[in-house]
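Below are two complexes that have subunit A in common, paired first with subunit B and then with subunit C.
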Partner chain A sequence: MLRRFLIGLALAFLGLMVLLPVLAIFTRAFADGAAAYIAAIIEPETLAAIRLTVVAAVIVVPLNIVFGTAAAWLVARYRFWGRRALLILIELPFAMSPIVVGLCFLLIYGAYGPVGAALEPYGIQLMFNLTGIVLVSLFITCPFVMREILPVLMVTGEDEEKAALTLGANGWQIFRHVVLPNISWGLAYGTMLTMARAMGEFGAVSVVSGAIRGRTMTLPLQIELLYNDYNATGAFAAATVLTALALVTLIIRGLLNRFGPAREVHP
Partner chain B sequence: MATLARREARILPGFSLSMGITLLFLCLIVLLPLTGLFWQLAQLGPGDYLRVMGSERVLAALRVTITAAAAATALNGVFGFIIAWVLTRYRFPGRGIADALVDLPFALPTAVAGIALVALYDKSGWLGRILDSMGLQVAYTWWGIVIAMTFTSIPFAVRAIQPAIEELDPAEEAAALTLGASRPQLFLRVLLRPLLPSVLTGVGLSFVRSLGEFGAVIFIAGNMPYETEIASLLILIRLDEFDYPAAAAIAGSLLGLSLVLLVAINMLQHRLQAYLHREG
Partner chain C sequence: MTLEVQDIHKSIGETEILKGVSLTVEAGEFVALLGPSGSGKTTLLNIVAGLAHADQGRLMLDGEDITRLPSGQRHFGMVFQNYALFRHMTVAENVGFGLKVMPAASRPSRAEIATRVADLLDMVELPHLADRFPAQLSGGQRQRVAMARALAIRPRLLLMDEPFSALDTQVRHSLRGEVRALQRKAGVAAIMVTHDRGEAWALADRIAVMDHGRIVQFDRPEALSENPASEAVRTLVEGIA
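Now for the complex of A and B:
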């Protein structure tokens, strides 16, 4: 009795709070029919926003894979001074308002900030363009890859790696043949999360992008613009692109839970 | 001995490489921008800081943000616990989908969540229509902010509580029941006690996350100064007016509050765990 009540309560909450909003996106996007939906997607400004968003993600994701893997390896395999501080620092982007993140970048890399002012005589501008979008996206997404790989590295332990070392493998060979096969699922999910969040970042990007129509509008900014222009079909059609990306991310997570290694140890 | 232990710990190659990459990235992407905020704050005297923070509008924005985050956290504390419990202990059709739904707010861009919630709760939306016929309004009110914050922080509550429930031994619950414990006693003394550190973490993370939520909130909030304007939006407004000192003052306060909470959660969790272990 209690069991059925609790299951019902949990499903009702998830259905009402999570599932229904997602269904609403697709219903609104197709409210005027499939032709209107396609017309909204291939609208030049929306396409330009998609292109810019993809370009930014293509730069951000590989950098974060390198950082996330290095940081997870560092924290999982070595003890050093400042290790705990490092763990807290990497979690920081979760706790910060994206507007505060954007402001921080403006204050240091913007025209009036020390770094931005120093670079200005050389004609280098970091904010209100692609560089700015990439920089804040790197900040916002820096925990994702690391958080997914770290538990896997903690669970698998270092015996296999040490065995490879005694058998004469060099660092690259150990990474390629021992570490990578273990972390591949975690890396895949972390990468997808990074991509979904980088492409979907709104607050921080809206502070530093400059929001120039057709030039520095990312997809989430374009969604806001269309929405405020009362172009509901356009806004929700653009939103389906990002929603689809989020759903693919969750499918990968489902596969990871089914086929990936157990991952229940906390650092 | 210490040097020996240290050398032992670093047999595996890659220490300098991974340390170098990590530090370079953290300095350029995380630490330097944070310094930017502190640099701006340092230029601001205590008098200016208090003048910005003491203004009616800033105080109202902070009040709206904190009360809505608290309400969202309370909702997520209760439902997060129930969802975590159901997902861990029960097997039922649709469990896999429910599990995936928990992570959806984490993967869905906040702006998309924002317009989706408005589509649902405004007067023409599926839920808004029903609420409207009952004379209730959620969209463009304080309640809208609560709904948006609840949406984005669900995964933080559930995923923090879930591993702790997995570690509980169902035999202890059975033992308590055979010894004549009532349902409330069972819940309070056998279940909640060992779960307290993780519930606290989940609730704390969910609150901190809600304080900083922006994208999902601004579409549904209505954004009326003094009533439904959140702190993050006020920072953005000051920024658009090129009032950097005021923006930095509000941002610094918001960031400071989050940091204090994060550290407090961390410390309290360690204390509680030590206490519970000693008690046995």
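Now for the complex of A and C:
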């Protein structure tokens, strides 16, 4: 009885809160017919937004995979001064409102900020372009990979790493053959979250992008713009692309899990 | 291969774990480090393995100073308390790991590694389990895989940290003889950390009794039974049983 009730509750919630809204996006996007949908997608501004979003994610995700993995290994295996501070600092992006993050970056790296002003004479501009979008996305998404890997590293593998060390493996070999297979699941999951957030981030990006049509509009910004222009088909068509990108991320995670280095067999 | 441990001191924070430990392990000899928990025996083993570093003192292997030599370059085979097998690798991959990660110049070929792994699995009587994963093995089988993995690199010294503590009593006794036989066959000197008096007496040529960061007596088992150096050693040795 309880089991049925719980299943019913879970399904109803998922249906109402997840499935229905996602279906609504696709329904509304195709409401004016497939031709209107395709026209909305290949609209140059929307295509530019798709390209910018993907390019930014392609830069941000690998950087945060490397940073997150290195930071997690450091925190899990070494005791050093400032370790606790690092653990708290790395969570800061979770706690801060994205719009505040955008403003912080503007304050420091904008043309009137200390760093931005110092770089300006050399013709380097950090805000209102791809660089700015990448910088805030890096900040916003930096905890995901580390948060997923750290718990795994804390409970497993230290002795395995020591064993590999006594057997003559160097740092890279230990990472490649011992650490990576142990954390692959967490790494894949963290990567997925990073990718989804990097592509979907609105608040922080909206502050530093400058919102130049066809140039610095990411997909979420473009969707809001179209919606505010009363172009519902355009907005929802663009939204289907963002949703599809999220689905691709899910599929990649599934593939990683299926064919990745983790071959642990449970009896 | 003769290992000389000379006056090793080690502190962790304010606590002095080792207070000047010296001992010599002769070629082919089986030495047990016996003591209650907190006596510093595991710390001493880790220092010999290169997994920890002494604050003071030297380690000499056949006259070569290895105190500062990185763990991987010492070529000591280590068997960990929980065996620390690579859980995502098969038994064969576990045993071959130390050969696979050798620098390209000195690394045996794939075929040579496969032959050596097969030989070692024969030696520990597990040839039929080559493709299993550690999670699919019994405790005793895991221990033998850990032995094979440590011996695969043709170690200059075999180090064992409580190698029987993860096993149930029955298996524990039957594996003692096997471990000693393997060590003789490999012709390698061994240091085993244990808190089990029976284990030390059954396996070791010489036993170093440790207490509070010092070796209180280092002698053959018979000598320890007949002539304990002090009343403290007598109660310690009897108390540990």
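Structure notes:
Just so we're on the same page, the second predicted complex is superposed on the first by the 227 of 267 C-alpha atoms of A that agree within 3 Å, B and C clash if a C-alpha of one lies under 4 Å from a C-alpha of the other, contacts with A are read in each partner's own complex, and residues count from 1 in each chain.
By definition in this document, a residue touches a chain if its C-beta (ideal position, glycine included) is under 8 Å from a C-beta of that chain, and two chains touch if they have at least 3 such contacts.
What you see is a predicted model; the values in this text were computed from it and never measured.
With both structures placed on the common chain, the touch criterion links A:Leu103 to subunit B but leaves subunit C unconnected.
In the superposition on chain A, A:Leu167 makes contact with subunit C only, while subunit B stays out of contact range. Of the two partner chains, neither subunit B nor subunit C is touched by A:Leu130. In the superposition on chain A, contact is made by A:Pro181 with subunit C only, not with subunit B. When both complexes are overlaid on chain A, the residue A:Leu20 reaches subunit B alone and has no touch with subunit C.
Of the two partner chains placed by the overlay, neither subunit B nor subunit C lies in contact with A:Ala39.
In the overlay built on the shared chain, the residue A:Asp159 is in contact with subunit C alone; subunit B does not reach it. Touch criterion not met for A:Ala48: it reaches neither subunit B nor subunit C. In the three-chain superposition model, subunit A touches both subunit B and subunit C at residues 162, 165, 170, 264, 266.
The touching residues of subunit A, counted against subunit B in their complex, run 3, 6-7, 9-11, 13-14, 16-22, 24-25, 27-28, 63, 66-67, 70-71, 73-74, 77-80, 86, 88-101, 103-109, 112-115, 135, 138-139, 142, 158, 161-162, 165, 170-171, 174-175, 193, 196-197, 199-203, 206-207, 220, 223-224, 227, 235-236, 239, 242-243, 245-247, 249-251, 253-254, 257, 264, 266. Contact residues of subunit A toward subunit C in the complex are 159-160, 162-170, 173, 177-178, 181-182, 261-267. Here subunit B touches subunit A in the complex through residues 6, 9-15, 17-19, 21-22, 25-26, 29-37, 39-40, 79, 82-83, 85-87, 90, 92, 94, 96, 98-113, 115-117, 119-120, 125-127, 147, 150-151, 154, 163, 166, 205, 208-209, 211-215, 219, 231-233, 235-236, 239, 244, 247-248, 251, 254-255, 258-259, 262-263, 266, going by the rule given at the top. By the touch criterion stated above, subunit C contacts subunit A in their complex at residues 49-51, 71-78, 80, 82, 84-89, 97-98, 101-102, 133, 135-136, 149, 153, 159.
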